[in-house]
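What follows is a pair of complexes built around chain A, which joins chain B in one and chain C in the other.
Our next item is the complex of A and B:
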């Protein structure tokens, strides 16, 4: 029997190979290797946001708050109680997931789409305000420093390259987990609500319950990404919960392409590298960045990765109807049925 | 606690609330008519304030000439905002428009930082006597602010309710396809909606400098506050946004005085969350 590998994986695998090998030769100094770690961390955060945007078809504009929250939880545990970062890596997603469960329950009971976007934005800003003001616990505007790195059998993972490969391994695990989750009973249920919430409900999918759980899962994942950030860059501050990172994650997901696993990964790489290249423009770089962003959205509204997939399909001579046409939505209807 | 303090805070709250009102009214109008979240709305206000600084301080125009010019220019710029960052993206998911307006906000914010630097800039006020009313100190400039805000909101209300353009705008907001079917030029409606909203945003900007200073960083916090107002009022409900904007401004000032200055920013979101728990569609929203 021939093993069928989904088409996206070929491209993803190729990119991955480049990603694993290139750092050894091209990214030679510590600073540049730090960027690689950042790419992986943003990719995980992007994947989690894309679970909400691509799979649930919903918005969360408070996602950075969960990211920062995860970072604070793990950093606090390590700094105040001397708890190993490894436990922190578990505690951060657990805590972020629990808070996500609560907030998801409040927000998703009635609000959807753009309303949900603004509601979650409100929660995010509230969290940011608390992080900024609750000085005894969060360290106020300057945050917490000297967060310890994780260590493996007495060896601290301090070097950029080691941390990069460590995080990359986790990223791959997460992509695999997400690909399994998407086809699981739960994942198909979530997708069926995305396709048509009323229809999904009518066949017995508990829409709000599924959505709240999916939201909480995404929050846990982004909390994990935050913990990874805290233990590598070794500080946390209230900005991690703020709008800047929110926009970064949004850019990562939308530029990369929603609803595809490799999209956010690619989006993270594009974001970090492009903003780095623009650094030479000094204070003009964010202006140019805005222009670049607008052009990307204008010419590739579906995102870079899906656009590449389209090109790849065209080269192989297949029509786009494979994925975009009517049969696909029939599949989805069946999918919804099976998810019951 | 003395009544003077309460009176002073009520007045301060009214000032902030008036700004929230015209800011949120524009934000809500764009959302209600076009189903677009304009993430650049705060930067339009900021640009209004900064342009006024340039017009009065560098070019040497008077406050009123400068302010009128800035509002007109920014309103016309609203047409460009629609054509460049909104209209080309409307066919796609709602998120794409959010991203394109985020891109615009990036450009405006960072462009302004390059042009003006991050420091606050004071603008000469046309008159600035301090009058004592009862125990409350009131500057004449702030009276002007409140007056103009109310006039602008009244104007918006009259336009939406009685003019043909207003009726077309409401029809488009209620049902885009239906509006097109009966021959409304919805493209023109979208253009005017953003022209009006952008003009209102700039108006907020030129009024803010009457009570504080202009700075490239004033847009983002205002946008966040505007969202809280819009959510509590019910998305897209302009009249509700006016009532809630005033309410939020006043209660925020009282909260700052009597509960905690520290968590003043957080107060609005706590209100927002409580309202959401009790009435998810907002105070004035329909289910």
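Our next item is the complex of A and C:
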């Protein structure tokens, strides 16, 4: 069998190579390398939000709440019970996935227009308030500190660079997993519900069950990202569950491009680096991001990554135009894909 | 034995009954026509049978067991598969992917298999794709396999819908006005397909308002008007039935 690498993986691989090598030369101090960790963590959160937006065609306003929840769960287990962060990395997604199951069961049972968006908004506000007020457990406004880093054979993954490569490896694993999930029976079921729910039901897809499970899966994934955050930055506070992070994840997805796996990865890199350049502007950053988001939605509604893919295809299409017309139809398929 | 049977099936919308005490009994292996003027409750009846709306009263029996109130996907699993009056496809997917996604009930791959691309998964996927190609060739879309569904012609849309439904391996196929929007040749082609399906053992319930189109393929025809059954019989009996003529053409003056 001929090994076929999907077009996205070439571009993704190139970006990856840059991402792997650049830190060694360009990101030389601890602070900058911390940004790299942030990129990876946001990328995982973005992938998870994009699972809801791109694969399910739904929206969750509570995604940061699930993220923060995952962070608190893992931090709390490590601090209070001395449970290893490795267990936390499993417990956080399990807990977030369970809560997601409940929320999904409430919101996705019947017609599903804005219900998930509204129910998750409610959950987000509730979770944030609990994190803020339930001092004995959550530590109140100041949150929890001294969250331990994970250690490997007695060696703590504490340095920025080590944690970055560690998280990057996980990110790659997740992208790989997600790409394969798409062609699984479950992935196709979810896709068919997104495309046409009535038709999906008529051919035997248990639409509600699949959507509840898909949402729960996305919540588990973002909970995992939250746990990664907690054990690297070593604190959690109620802000993690708030709208700031919700907007960040949304920017990551929309700038990168929905419905593509590498889109949110690229979106995360763009967001972290640009917001770093704009750091001097402090609170105006979000104003600028609001404008950038508006411009992206207006002029590049498919997002940066799919736009690059299109350009790449056009260049390639021009060079082998004589041989066959296939690239044109592929392009059209892709465009139709994005038009959803 | 009746494979599909409704007794006293009723659906009220507000104070009006869209379907009124419908008793319908479809024998295994037949092509049953369900006809009636626009608004006579044909589509509502089909929605009731396939679980898309819940009946106000009455019962649906399938293969001898009560399935009233079951979810559409459960009924599909049992072999009761429908198409829709308004063309309903996965428009953004290719013709091939439409039927691959339609093969959900035929897809026995495990999640682990898909994630690891196990040998078993690849074999099962290849089998599904073979079956998809067969189905597309059967409905005459073999050449259009890589086209995006939304780019198909009206006739091709309908053939693809049938291929998707067939991918679910129906025992009873319920078609809701499949000839709408087709020209006479396309409609004839479609009717031929339906006839072939019957010879393969699929029972067909064909909803249609164009009487001429189905009189020569149906074994029996049930006629609805204002939600109630007004006639039932062979095509010959139906075309000569004065009640049916009245329902379709209105009362002749002085008649």
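Please note the rule applied: the second predicted complex is superposed on the first by the 306 of 340 C-alpha atoms of A that agree within 3 Å, B and C clash if a C-alpha of one lies under 4 Å from a C-alpha of the other, contacts with A are read in each partner's own complex, and residues count from 1 in each chain.
One rule holds in what follows: a residue touches a chain if its C-beta (ideal position, glycine included) is under 8 Å from a C-beta of that chain, and two chains touch if they have at least 3 such contacts.
What you see is a predicted model, and the numbers here were worked out from it, not measured in a lab.
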Quick check for you: in the superposed arrangement, does A:83 touch first (chain B), second (chain C), both or neither?
neither
Have a look at where A:115 lands relative to chain B and chain C in the superposition and call it first, second, both or neither.
first
With the two structures laid over each other on chain A, which partner does A:16 touch: chain B (first), chain C (second), both, or neither?
neither
Which partner reaches more residues of chain A, chain B or chain C?
B
By the touch definition at the top of the document, which applies to A:126: first (chain B), second (chain C), both, or neither?
first
Which residues of chain C touch chain A once you look at their complex with the stated criterion?
50, 52, 71-73, 76-77, 81-84, 88-94, 100-105, 107-111, 114-115, 117, 125, 146-148, 150-151, 164-165, 167-168
Going by the contact rule at the top, pick out the chain A residues touching chain C in the complex.
177, 180-181, 183-189, 191-192, 195-196, 198-207, 329, 332-333, 336-337, 339-340
In the complex, the residues of chain A that touch chain B are 53, 59, 106-107, 109-111, 113-115, 117-119, 121-123, 125-126, 129-130, 133, 243, 247, 250-251, 254, 258, 283-287, 289-291, 293-294, 297-298, 301-302
Contact footprint of chain A on chain B as seen in their complex
31, 35, 37, 84-85, 88-89, 92-96, 98-100, 102-107, 109-111, 113-114, 220, 224, 227-228, 230-231, 235, 262-263, 265-266, 269-270, 272-273, 276-277, 280-281
